[in-house]
Amino acid sequence: MEKKNRGILEALEYVDRRILYSLMIIVVAVPLIHPLGLPMPISSFTRTAYNAIEALKPGEYVIWASDVDAGAWAECGPQSIAFLNHLFRIPNIKIIIVSFIPAGTDLVLLALKEVDLHDKKYGIDYVILPYIAGGETAKAIFFSDVYKVVTLDVYGTHLEQMSIMKDFKNVNDISIYTGVVSPMTPLEEYIRQLVLPYKKPLIVGVISVNVPTLMPYIKSGQVTAYLGGAMGAAEYELLIGRPGSGLAQADSISTSHLMILLLVLMGNILYIIKRVRGGKK
Amino acid sequence: MSLIRRREISLALAAIGGIIMISDYFINVKAIKDIAAMLQSWGVILAIFCIFLSTGNLVIYHVQRLSRQTKEERGWSGLVLLVMSLFVGTYLAGRQDLFNILFNAIYLPINQAIYGIIGFFLITASYRAFKVRSLEASLLLVSGCAVILKNAPIGSWLWEGVIPIGTWFNEVGGLGGNRGFVIAAALGAFSIGIRVLMGLQKGFAGEAGGGE
Amino acid sequence: MQIETIIPWMGVAYLLMVWSLLYKENRFFRFAENCFVGAACGYTLTKAIDSLNSSGISPIITKARYDLIIPMILGILILAKFKRNIAFVSQWGVNIMVGIATGLAIRGVLQAQVIVQITATFISLSMMPNPLAYFNNIFVLISVISTIFYFIFTREPSGHLKYISKIGRYAIMLALGPVFASNVLTRMVLLAERVAFFLRVLGIIK
Amino acid sequence: MITNQNILITNLVMFGLLLFFMRKANAGKIPQIRQIAAVDAIAEGIGRAAEQNRPVFFFPGSVALESSEMVQTLAALNVLSQVAQIAADKGAVLKCVAGHSTIFPLMEETLRQAFLTAGTPESYKSDTLLWFSDSAYARDAAVMGMMHRERFATNIIIGRCYVESMMYCETGNFLGALQIGGTAAAIQAPFFVTMCDYALIGDEIYAAGASLSKDPVQLGSIEAQDIGKAIAIVLIIIGTVLLSLGIRFSL
């Protein structure tokens, strides 16, 4: 009996990892197929971000920066869609979309396919600028005089010909600077080139790994608010009342976290049992 | 010939590059700023040639395998070279449309499949590594699990307390260790950097040139 | 049009091929692996040609940046690595890169990562709003000092100093746990995103 | 004309310390450095690989040379130089992967020099050093496949890694390799600590090369770093005392 027991314990402790992998797929897939509607609290920063955008008035300019590469898109994609859905819903604001990371422009075009544009017209209410190379230097120039670094939009039209650009010369004309940022290099450059000299509110979406890196800037007030990873996106989707892919995945994130915790717990119980038994010997 | 082969030349080049970049930070003279900016734009171009070098090396490696290895190995090397030349070929031919199709049909989906796989590794790692083996391991376990529980949306629904506890570990518990870690590592980084610029770090500086 | 409908299915096929590695290494994985290496290499190469044009050749021609001819020559010399007996010339360009990069990396490191961090640790023990803040600040102070102490290599700690070193090790572990945890979150999101993609293509979810 | 004076002073102080202690060590007063388990494990792991007739894997982190974290790659190359010499001595086959195209020429030179020093320049073969593109996940796929096929006895992964730390270490674990990992990035350290048999964390990766090579100059600079750390501790204590007494100041 004793021997058999030990066998089970051993088997559990050295469980084939393929079994764990299959369990994981099930745990992730089931809530996707049958949403469990697990409760989800909304963090205060997501709410701050939402309120700041909600408070925009007609005629105000917003810059949306898509500073994100493909690797971060799983988290920043839902964030972008949620953010842009909200921005496009607010009547008569002007949205300038820009990117300082090569893949950013392609990705934001991808996101816009899933965004409800309401009655916003390209060239009048929003414009997409092409990728701007040159890192921090380019940002500094862009903020002081847009036309010095970019003269054409992403489709090759001259910016002077667009009515949206009439009242927009530099970053002093905007109310909020917002966007998704990953990797974090552009963020530090924004702090130096945008927040410190121009004192503009900065609202960003970042992937969850980068939240600790962002914390010091949040605490110092240099970044006004942030969305943290896919959970931030899910919360934002809840706030704007448009459930999207972020919210759909929130349940499976909950279940997979629980499973990891249960596994850790089980592993430790087995370990302690084994130690106690070994000690008796 | 023997003069230009000297190791001192390449070491001096590294030192000059480094000194200019450091002076740029501390001395506010336009000439230095200009030279530093110029050097940085040189660096960009040099980096591109590193890509050519590395790619050339990979191509040579696979071409050699084409003639030496077993039939299956040859097939794999052939596949690498074929896909690669498809990308470069459509690009050089100016067929952006075909290039995009290749990108979306090969590069992007495999890329996503690979980053999706990492989650699995994390499970086995947590299962195996988070054990109360010693006080050290237990601290890792406790602080890790507290934050996992805080991060899971369901955590705060199970028990309100997970948020303050998780936040404490995130913002206070780990702060000191993190700071000490960063301070010590920065001193190490500075010291190896200085050694490299002074030419005291043997190894990759091209000793005596060549190696024949 | 046709290709757009096939691409998601190819995505599913690749997903299965790549994830089959979790079971064991097999030919399907090797197919995906080698396709990907070829694709990535080709992609990197096209990007390199692109930027050689935009940051090298075109500034020389249009903006008369003749200084850029020097890195072009040094860059071509880097390729001399292919021929062992003249390989030493490749070291010039490489070492300039090393110099620039090292200079950039270390010039501000002591300020950003030592002085700022030290200053942030200063606390006033005489005025604290509440006992918890008091405890937290002392806790951080002790863990910073002991962690730095742990990283001292040339003096073997003896006697009671050994405990400081040990506390330093514990402080590091407390710092690493939360980092691990936030990675769990990101990775689970990516995993869930891929599973959702899989289910969507198969038509199981919308 | 001089900007960032405070930073300049800090840098000069540290530079002075380094010069002083490197000279002192060069003159024969070589400091002893404490044993680091992971460093001892490197030689042991390579020896084990040679006995089992299986190769050793080395990866120096994946950042580009232009990155501000490239110093960690320099530390990794420092270790690689020693690893290659030990491998040549013990007759183990070494296989390296370059994390980025800009690191490739540096690794090549390091390996060739190390093999030359060990007296076996022929140890450098066409598959000793490979690079699989600057796309991180393509390299990861290739390395995971390589690990499965080559069955490395020892994996040495030192430097600034991103997610590949997890992929390589777990694959290595699955295949039963002895693993030695190291990084000075706090954000990656937990993976090495939990998944590797031996981990070098933080400043240890900078000390590892010195500890392996016993090069007096390097050991001297380690001592200078230690003095720097002692100064940091003293500064923290002084600052806290002054502030508690109500004296305001700025650094």
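The letters A, B, C and D name the chains in turn, as written, and every chain counts its residues from 1.
As a working rule, a residue touches a chain if its C-beta (ideal position, glycine included) is under 8 Å from a C-beta of that chain, and two chains touch if they have at least 3 such contacts.
Everything numeric in this text was worked out from a predicted model, so none of it was measured.
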Pair of chains with maximal C-beta contact number: B-C
Reference chain B; chain at largest CA-centroid distance: A
Chain closest to the assembly centre - both centres taken as Cα means: C
Approximate Å spacing (C-alpha centroids) for the pair chain A, chain D: 33
Chain centre separation in whole Å, for chain C relative to chain B (CA means): 5
Euclidean distance of C-alpha centroids - chain C vs chain D, Å: 15
Interchain centroid distance [CA atoms averaged], chain A/chain B, Å: 23
Shared interface positions of chain B, touching two or more other chains: 22, 25-26, 43, 47, 50-51, 53, 55, 57-58, 60, 107, 110-112, 114-115, 117-120, 122, 124, 126, 128, 130, 140-141, 144-145, 148, 151, 170, 178, 181-185, 187, 189-190, 193-194, 196, 204-206, 211
Shared interface positions of chain A, touching two or more other chains: 17, 21, 24, 71, 74, 208-209, 212, 231, 253, 256-257, 260
Multi-partner residues of chain C (at least 2 other chains): 18, 21-22, 30, 32, 36-37, 39-41, 43-44, 78, 81, 90-91, 94, 97-98, 101-102, 104-110, 114, 118, 121, 141, 144-145, 148, 151, 172-173, 175-180, 182-185, 187-188, 190-191, 193-195
Residues on chain C engaged by chain D in the complex (per definition of touch): 18, 21, 24-25, 29-30, 32-33, 36-37, 39-41, 43-44, 78, 81, 90-91, 94, 97-98, 101-102, 104-111, 114-115, 118-119, 121-126, 141, 144-145, 148-149, 151-156, 172-173, 175-177, 179-180, 183, 187
Footprint of chain D on chain A - complex, ascending: 17, 71, 209, 212-213
In the complex, chain B residues that touch chain C: 4-5, 9-11, 13-22, 25-26, 38-53, 55-58, 60, 76-77, 79-88, 91, 99, 101-107, 109-120, 122, 126, 135-137, 139-148, 150-151, 169-170, 172-187, 189-190, 193-194, 196-197, 204-206, 209-212
Complex contacts: residues of chain D adjacent to chain C: 4, 6-7, 10-11, 14, 31-34, 36, 65-71, 74, 101-102, 105-106, 108-109, 132-135, 137-139, 141-142, 144-145, 148-149, 163, 166, 186-187, 189-191, 193-194, 201-204, 207, 219, 222-223, 225-226, 228-230, 232-233, 235-237, 239-240, 243-246, 251
Complex contacts: residues of chain D adjacent to chain B: 1-4, 7-8, 11, 14-15, 18, 22, 64-66, 71-72, 74-75, 77-78, 80-81, 98, 101-102, 104-107, 109-110, 112-114, 116, 121, 126-127, 129-135, 137-138, 140-141, 163, 166-167, 169-171, 173-174, 184, 186, 189-191, 193-195, 201-203, 205-207, 215, 217-218, 221-222, 224-225, 228-229, 232
